[in-house]
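Encoded as structure tokens, here's the structure I'll be asking about.
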Amino acid sequence: MSIFTTIRRNIDRAFLTFFMLFLLIAYPLAPTTDFGKFMTSWYTKITGWITVLGAWAIMIGVFALVRNNLKNIYKRAEGWYYDAVTIVSFVIFVVAGFMGGSTGPIMTWLTTNVTRAVSTALLGIEAFLATSAYYRAYRLKTLDAAILLISSLIVLMWMGPVFGYLFPQINDLAVWLLLNPNSAAQRAMFVGIGLGLIALAVRSMLGRERYGA
Amino acid sequence: MVSTDPGIWIYSLLVLAVYSFVFKHNPAFRVAQAIVVGGSAGYTLWVSIEYIQRLGIGRVSADPYVLVPLIIGALYLFQIYPRLSWLSRIPVGMAIGIAYGTVLIPGIAAYIIAPLTQTITPFWTPNPLANFNAILNLVLMFCGVAFFIFTTDKFVKGRYGFIGRIGRAGLMVAFGAACGTLLGAKVTSAIGNIIDLLTKWLGIRLAI
Amino acid sequence: MELRGERDMSRKKPRWTTRLLNLDNPPIYAILLIFMILPLFYPLNTPVPVTAMAIDLYNKIESLKPGDVVLLDFSWSYSFKILHEAGHVAVLRHLLSKPGVKIVMVCFMGADSELSWRDVMAIVDIEKNYPDKKYGKDWIWLGYIPGGEATVLAFADNPWAIAPKDKYGTPIEQYPDFYNAVKTGADFALVIEGGGHGGVNGHVTGGFLKSYGLKYHCWLAYNMDPSVIAEFYPYYPTIIKSMLNGNAGAAEYERLLNMRGAGSVMVDALSMTHLYVIALIVLTNIVYLYDKYLSKPRSSR
């Protein structure tokens, strides 16, 4: 393998490892020594860079979305007309941005009447779908299902303000359930998440995780 | 009195198009979805351009080092050219490295150390309920970890199967609690949409 | 070859229990819709019991002194606007009523969370309702800062390095009340995160927990998405001091402020829909158990 190929294959991992190790070393240092001051000032600078990288990533994500939609339209893929609607909507919003930026009157009008409508409605339909799911899934078939059902019922009663008024004991029971068995189980999951986070960081450094283009 | 504002009409028709999905998947829902995907992309693009102008390019004179992420971030564009697409992995690696470097230690504190310190509490106090809670938390937490992480049969069946079963029961309580809280969030959004449709579009006076 | 019994069974009507246990969706949805709409025309005016979490947040804001800086985060996606808006409107009104309290407004979630901020500000209307509160002296708006959890953590360590200018491009040094008062997250007297999306692993909510909660031990409150509130109970009340439970939490806060806002408006409909769903689940399970254990054995078994 030529040196150029090696660089090409590993440069992203090199950047990842360098920045990760630098920040991990700088994190616990205090600016009391010269080395500490140097590391903490660079820690602050470098952590600020992620905002700019994030903004670039968002822009590239948008371009990728537009590119994929245009590709589907060109190839007349299934449902290409919906992709055409996406592109038309995108163009309208971009043109609106030219006339006043993201806070201009036209963009404000569009986001209030278009984005807000669909965004909030997409969440609202889940109320109906959730009700259907409750009806079909919550059956007392096994002991585990019974535990799931009973804890759900207690919390459902807690979430409805009228139950807390009529039966204050429901509030106490629900809070006890959330603070004790629920918290214990959540902590078990968090430990798993924490170990997974460490494993993922090590795997990324070792090049065993795929990401990027 | 029904509204004559075109904005309210567009809002209402889009809301109804989305809610039509509840009864049947239909083209109106797909069109509404496509509109919001494109619109959100357009809006997001402007916000990120403004951010780069304001706190990227606009900051170079005060802090020249900001050129580093500005230039490296631009390498994302090389995704388009297959021969040079490897360059687009550089900002990805850098962003992930910075993210891990910033998040790893606080993550260990939040996900491993804090749960352990909160679980191991005194269980021989004058308050019997507190003692019971402390023992329950300890047992459920460790059985949950055993079930969650050590997914071999040893902790689910056989002699030590009770550990896994206790852990699973604890996890069922947590999932049940999570499912129970789900409805409130969704219903709130639906009621908000209904109020807007009734008051702003149809002009119906509500008693609330 | 058909057996004699089989042809008869195919013509039998399904049992009433089977029909009840396999209802189509439209009647279920129709009844849910009725329970959502009826309270809007015939309000029950259900009293809302105020929980300890809302009282704790209220008392904390009441205890704020002139010069205290509060971080108010608007990190909810625009689709979740209805969930969080009422709570933030109530809390913001309370903060603005406190003389000398400074508010830093920011969002980390996504570009559309700026729209969420815009809508809250349109309802609160600081210029009209609080004319003594001046931008740059009593409150500033930093806009959306991209970058996810790393940005949230970095902002807590050094806010003005991450956001050296506000949303309008003015350097923060020109707002000495904020620039000099806050050097790290520990200098915020109160931190209120709006959103809760993604739960404890969410890049904003998790970042706030790790930085302001665990590292800087701030008085941390959440205006929470109800669907993930259960995940945050392990950290309550040691690290997280208060959580407003979506619209219900907003209604409780409005009770404490003696005001009627969007949270209070939805309380009846929330209660009725929960009652309906609970009744549906209980009745379904009664029918299920009856069908399984108490009904006569059928030839089909």
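All chains are identified by letter, namely A, B and C, in their written order; residue positions are counted from 1 within each chain.
Just so it is clear, a contact is a pair of C-beta atoms (placed from the backbone, for glycine too) under 8 Å apart; a residue touches a chain by one contact, two chains touch by 3 or more.
No experiment lies behind these values; they were computed from the predicted model shown.
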Far-end chain from chain B, centres as C-alpha averages: C
A-B or B-C, whichever has more C-beta pairs in contact: A-B
Chain whose Cα mean lies nearest the overall Cα mean: B
Averaged-CA centre spacing for the pair chain C and chain A, given as whole angstrom: 16
Inter-centroid spacing, chain B versus chain A (mean Cα positions, whole Å): 4
Chain B and chain C: spacing of chain centres that average the CA atoms, whole Å: 13
For chain C, residues that touch 2 or more chains besides their own: 25, 29, 79-82, 111-112, 114, 145-146, 148, 150, 153-154, 200, 226, 230-231, 234, 245, 248, 268, 270, 273-274, 277
Touching two or more other chains - residues of chain B: 22, 40, 43-44, 47-48, 51, 55, 63, 98-99, 102-103, 107, 110, 114-115, 118, 174, 177, 180-187, 189-190, 192-193
Per-residue multi-chain contacts in chain A, two or more chains: 45, 47-48, 50-51, 53-55, 57-58, 102, 111-112, 115-116, 119-120, 122-123, 127-128, 131, 134, 149, 152-153, 155-156, 159-160, 178-179, 182-183, 186-187, 190, 193
Contacting residues of chain A [partner chain B, same complex]: 8-9, 11-24, 27-28, 45-60, 62, 64-67, 79, 82-83, 85-94, 96-97, 101-102, 107, 109-131, 134, 143-144, 147-156, 158-160, 176-195, 197-198, 201, 204, 211-213
Chain C to chain A touching residues, read off their complex: 23, 25, 28-29, 32, 44, 46-49, 51, 77-82, 111-112, 114-115, 118, 145-148, 150-151, 153-154, 157-158, 161-162, 200-201, 226, 230-231, 233-234, 236, 245, 248, 251, 267-268, 270-278, 280-282, 284-285, 288-289
Residues of chain B that touch chain C when the two form their complex: 22-23, 40, 43-44, 47-48, 51, 54-55, 58-59, 62-63, 98-99, 102-103, 106-107, 109-110, 114-115, 118, 174, 177-178, 180-195, 198, 206-208
Partner chain B, residues of chain C touching it in the complex: 25-26, 29, 36-37, 39-43, 79-83, 110-112, 114, 143-146, 148-150, 153-154, 163-165, 169, 200, 206-207, 209-211, 214-215, 225-231, 234-235, 238-239, 245-248, 262, 265-266, 268-270, 273-274, 277
List of chain B residues in touch with chain A within their complex: 7-8, 10-12, 14-15, 18-19, 21-22, 30-52, 55-56, 63, 65-66, 68-70, 72-74, 76-77, 79-80, 85-86, 88-105, 107-108, 110-112, 114-116, 118-119, 133, 136-145, 147-149, 167-177, 179-187, 189-190, 192-193
